[in-house]
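Should a chain be cited, it is by its letter among A, B, C and D, assigned in written order, with residues numbered from 1 in that chain.
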Amino acid sequence: MKTLQRIGTLGFGTLALMGALMNSAAAQSTVKIGIPVGLSGANSVVAPSVVQSSQLAADEINAAGGILGKKVELVVADDGSGAQGAQRAFNSLVFQDDVDVLISMETSAARNAGLPIVNRAGKPFIYTSFYEGRSCSPNMFVPAWVPDQQVKPVVDHFTDTLKAKTFYLIGSDYNFGRGMLEFTRKYIEERGGRVLGEEYLPMDGSDWTSIISDLRSKNPNALITSTAGGAPNVTLTKQLRNAGIKIPYGNLAVDEGTAKTMGADATDMFISQSYMTGIASAENKKFLDAMQKKFGGELKTPNDLSVPQYEAIYLYKAAAEKAGSTDAEDVIEALPEVSFTGPRGNIQMNKQHHTPLTMYLGQVKDGGSVEVIKTFENVDPGEQCPNL
Amino acid sequence: MSGVTNQSAGEARLQVAGLSSGYGPVTVVRDVSFSIAPGEILVILGKNGMGKSTLLKTIMGFIRAKSGSVRLDGSEIANRAPHLNAREALAYTPQEYAIFQDLTVEENLRLGVTEDRLLGARMGEVEAAFPVIAKRFKQRAGTLSGGEQKMLLLSRSLVSRPKIMLIDEISEGLQPSMVNRMAQVLRSTSAEKGVAILLVEQNLPFALSVADRYAILKIGEIVEQGDVAHADTAATLERHLRI
Amino acid sequence: MAILLLDILTTASMLFIVAAGLMIILGVMKLINFAHGAFLTVGGYAAHVVTAHGFSPWLTIPAAAAFGFVLGVVVERVVVRPLYSRPLDAILATWGLGIIIAQVIVFAFGREVQFAQSPISGTVDLFGTGYSSWRLILIAVAVVLGLLLTALLYLTRFGLNARAVIMNENLARGLGIDSIRVRAMTFGLGAALACAAGALITPLLSVDPNMGLPWLVNSFMLVLVSGIAIPGLALASLVLGGAQVLVSTFVSPIIGGITIVVLAAVILRIKPQGLSRG
Amino acid sequence: MADIPAAGRVPDATRRSSRQVWRTVLGAAIALAIVATAPLYLGTYMTNVLTRALFLAALALTVDLIWGYTGILTFGQSAFFGIGAYACALVFTHWGFGAGWAIGALVIGIAVAMVTAWLTGLLSFYHGASPLYSSIVTLALPIVLTQVIFSGGRFTGSSSGLSGFPTYYWKIDTWFWIAGVFLVVAATFAWLFVRSDYGRILIAIRENEDRCAYLGIPVSRIKTALFAVCAGIAAISGFGYAAFSNVVAPELAGFQLGTESLIWVALGGRGTLIGPILGAIGIDATSSYLSGNLPFLWNFIVGVTFVAVIILLPNGIASLITGAWRRYRTRGAGGGDQPRDSGIRLTAAPSVRAAAAAGRSASPPIRIDGLTCRYGSLTVLDGIDVEGKQGQLLSIVGPNGAGKTTLMRCISNGTERTGGTVTVAGTEIGRSSPQKIVGLGVGRSFQNTSLFDSLTVGDCLRLARYRIDGARPFYRSETVALPEPALEILAATGLDQRLGVETRYLSHGMKRGLELAMVLATEPRVLLLDEPTAGLTKPERTAIGHVLTRLAEEYGLCIFLIEHDLDFVREISNRIVVLHQGKLLLDGTVEEVVSSELVKAVYAGQDLEATV
């Protein structure tokens, strides 16, 4: 029965979307926001939550009169979590739907593939996903964290509080995985720690046997991992637990929702995020309540990808209003100058198109809830794009 | 001219009428008719490439009959799947690759019965006919000598308690003494159990020592038939089979 | 060193378990089942469903096998049977089937990672260190599976019929064996083994719509290298799995990931019939 | 298109082929016109989508050549596409950008792809390799390549690939034209290629690789060369794709794209060129349109359609249209089994009699010493010594399983025997492959008449002349030069009137005749015939017997004949070799064999034949 419902929902959803596509030509009195996102492929697990938070932002803005008096319209396209799909999605959003802005969370491959199209068209592009850093384009803005911001809380906590001296790093062999761990290694060494091993497995690899055995034989004080989201993260954690590894375990790639569904395997894991559902602020409470009200049982747990997406739409609104138009050039100029206070606090991007953020170090407790154990205010992204 | 019809359909165990078959567009067996009564042995004679093996394969259901009928105790079995024919007591012994070389003698015999438990009860017959086979029970069939392999073949047919045996050149490559043994077993099987036997042979002495009747196949057609005991037989065979 | 040995043994066991279903199908039906990866996935989801409904995690394996058998028999009838005479097309059709199964899973369960409870978790103390209990259990499972399959093939009537069909299908038919039924049963058995394998590896893996895919190519290579025989598969799993572990440990896990594929291509060039023949 | 000026000057006899070329050129011109005007009414988005699709269609084209025409199931064509794409991205990112760099990168891409393909071919297309093995290698190729890209770190951009490298930011229309012209040119060449002499060879390889080898066609070399050329084309399209889209990612070289391209080809219709192109464009463009909104449903539909097409329409969706067209045409023109104008003329090749005379003085045409062949513990042939003399018709008799066919095999394929030597005209054959032995002058016919079903009689004959006359890559020869005896057989069987008939429609007797004519077309000095008259009617046998006698007597061929029909043997043969259980029992004249006590003893009461 549930299956049927899902298929039904999917059917209606797509019908509605197609309807939206067909109507799009008629009404030019709207602001179109293109959302290329990985509905299929590696990002498909988290993509629905991103779409949901986008919908909430659009609804709220429309209820409050829209942007410059125009209604906000979302155009979602599947990028397949990869380069080819992203090109299709960006092409169709930019050239077919003629959107005013692209706001989305994507894989690095998809972002890289879409960026030339964005540049060619001169559209603003707010990339709402944390990533490995140092991707620069005059058109692209990043209100999410980069390694410089995320790694420090974990390493600092491990070295200062848990007195870890030796570390072991495990990642998936891809840009994000390697970028994160490269930074982590540097930072650990800066802090006087030692990295005993740094190992990678291909993205679709699922057999961590030899890496875990190596880890065990080197006997480090702490472990930090940065795998691809979804399956590799889960398989690594499962196999670590199965192998009885109990040293402090910092996971740079897991979000609250996944940690929760992992059950007992995730217990005691450390995670470092710019957003956690447990943030005690009026904005966060309001956001969570609104999400709950809007989506009810279908709600996907808001996370460190969907919340920046929500805020990014508001940032775009602020920029357009500051510029007084939705003209691409004006908005691009205005974006670094506006701010928005959302569930994560006050968000203001800098001249290098990246964002100082408050980071939270959390630990997964029995039952899957995440307890915030430390807050790091206004962590600077560092020199990401000095040439901008 | 084609046809051996000295039996009426009512008595026939196997009745073949107007049967044609072949490979793709090529017709190899043309309009062949004959019948065999229970306890009777018919031998099909002819040289290589005349369609003898094809005829057996068509009766068994391996090759599609293009036209004609095949009746077992009066009911049509033409173009029925071979495994169904086998289960209804047609025991077919092909000329080549007729045993499973990599299976043991026992396993080969088990494949002759529909259920494993039946084999034990029927082993007596095998022991009586070919004592050597019973002795080699656990041996791999491929390690048997050529003659022993042929004995295994017949044994496998015997344990299946067939109504009809279709046998393709069983005597080929055998020592004369062994050929005689085969002839004895076939004769007694047919006589004591009322099995109808269709033999395909090139070994004339063997064929004539076993069969009740003969038919000569030439380029797919039956060109001559008759009783082996008939006075004309020698002359007829001479005419058709020698140069 | 002891750990390395255990790693090799457990990896080989996993490979053996995962590839067995593919081998049975290839052996009897001369058909490469590229939906094998999808069958593994189905097994993982079967495990998920069983534990999500509160049944014992130990039930996941028989449940997956039973479901796989039914699935296999249906698939054989609809997709595979028309393609017996076109073996290369059958590869493509089963690959397409894999795509379909993955999509159906997405419709039914969504795209996200699912979880199945493990029958056993934690470690056992061996040679002074703890070693994953489930991995150790897999060694036993592989051994039992190998013995059971051998027994099935060599001690039962079904096995005798199946072997007869492998060796000479026409002769088998002439002896009353319904080779079509044997094939259907075999495909069912192969699918059942694949699904059971899927359930067996879920305690170490995540359940997601593509979980089986990475195993497909490796299983395929193993089966070809094995020369289509149970001892051959055991040997191939040990050799290739061992090579994978060694390369991963001493060279790099990334190169380890392609060890099986490359080594298999080389072995098959030298011994086209695989390890257990010639 | 270098052939076109030449086509203008060809004499009358080749009018039909030049019409073929002109028709192709006309088709290409129409396609180019469509390409030229399409951006005008398509709009930016569709132009963009189609530009990508056109590059992918070129990839599908190469898959069709390899799989559809030649029958090699390849999962790895995407690897070459990826190599071309990465050549572009790597050079532009790390070394430099400009016209010189672009050409350099393209050359590097093509060269790397072709060398990789050539090595892959060496590995997987050896004689006797199973078709599955080459599929395995092509499967491993993209997997390994993807892993290499992943581990390339910053250099290859790992999983994220490379993007934003400098490239030509031409207008999208310009890119569309580039892609369109490239595809049309590639397709035109491919179209002419598959209809040329070489194209027939590809189909022949697909239908019966082994027979090709026994006609002296270097199958492995042709497959490897084709693989390399297709790799080059795929690399060019990958290069174009990368330069246009300004991004490369590991998935461009991956196994998934490899299988996807198979799906395009299968759905479009393998072995049609146009079908796969339309399949690729159609599916890629539609998925651009639909997958954004219906990603899962879309994949599901593609999967179901794919499986259904494989099962129900093995020739793809195109076959629905071409099938209807063919039915429509045949209603007017009669079925495919009717003789049609084949456009082929037979001519006489320079006389083989002269050649035979020239070689008369040298060593015996064939000498076999101590030939032994074992399969495991089974000895099929045991120490056979025979010498075949010029102009001798030697019949090999013996009961089934005596090793007659194995003897033929051991002579015609150097890898078959386990001991002893075979010397053909003074040259020891060593471990030579069948096509090399054909080159020495050994022709072999087979027991079963498995010809090349979808080739016409004329095509088959030309195929048999490959070793002597070669084949042209973009052009179809109009004449087939055949040695006199081959022409005689064709005339005797009436095949010369049926040159345009596909061989599957031939009668059994005609197939036998064609088989023999094909073997003779290779101009052998030694002829190995395995039951050439099996299943023939009396007049047909007589005709063939007559030809065989003349071949031996007038043309000086040495003929080994396996024959059961002793009447026939006696009529035409002057020497008989008796084999029994792998041993040579007797070697003598017909009379000697018949009167031999030894033969009688062995065959006593057993074999009618030996009592001749």
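Assume a residue touches a chain if its C-beta (ideal position, glycine included) is under 8 Å from a C-beta of that chain, and two chains touch if they have at least 3 such contacts.
Just so it is clear, the structure is predicted and the values come from calculations on it, not from any experiment.
Listing every chain that touches subunit B and subunit C alike gives D. Chain centres here are means of the Cα atoms, and by that rule the chain farthest away from subunit C is B. Centres computed as Cα averages put subunit A at a distance of 53 Å from subunit D. We define each chain's centre as the mean of its Cα atoms; on that basis subunit A and subunit B are separated by 77 Å.
Subunit A and subunit C, compared by their mean Cα positions, are separated by 36 Å. Subunit B and subunit D have centres, each the mean of its CA atoms, that are 43 Å apart. For subunit D, the set of residues that touch two or more other chains comprises 147, 150-151, 296-297, 299. Subunit C has residues 107, 252, 254, 257 in contact with two or more other chains.
Residue positions of subunit A with contacts to 2 or more other chains are 10, 39-40, 173, 202. All chain pairs that touch, listed by label, are A-C, A-D, B-C, B-D, C-D. Interface of subunit A with subunit D (complex): residues 10, 14, 17-18, 21, 39-40, 76-78, 80, 82-85, 87-89, 91-92, 95-96, 107-109, 111-113, 115-116, 119-120, 137, 173-176, 178, 202-203.
Across the interface of their complex, subunit B is touched by residues 157, 160-161, 163-164, 167-168, 170-179 of subunit C. Contact residues on subunit B toward subunit C in their complex (touch as defined above): 60, 62, 81-84, 86-87, 92, 94, 97-98, 100-103, 107, 110-112, 114-116, 156, 160.
Interface residues of subunit C facing subunit A in the complex, by the touch rule stated above, are 3-4, 7, 10-11, 14, 107-108, 110-113, 115, 118, 121-123, 129-135, 203-206, 208, 210-211, 213-214, 244-245, 248-249, 252-254, 256-257. For subunit D in complex with subunit B, the residues that touch the partner chain are 399-401, 507-508, 531, 534-535, 537, 564-567, 570, 604-609, 611-612.
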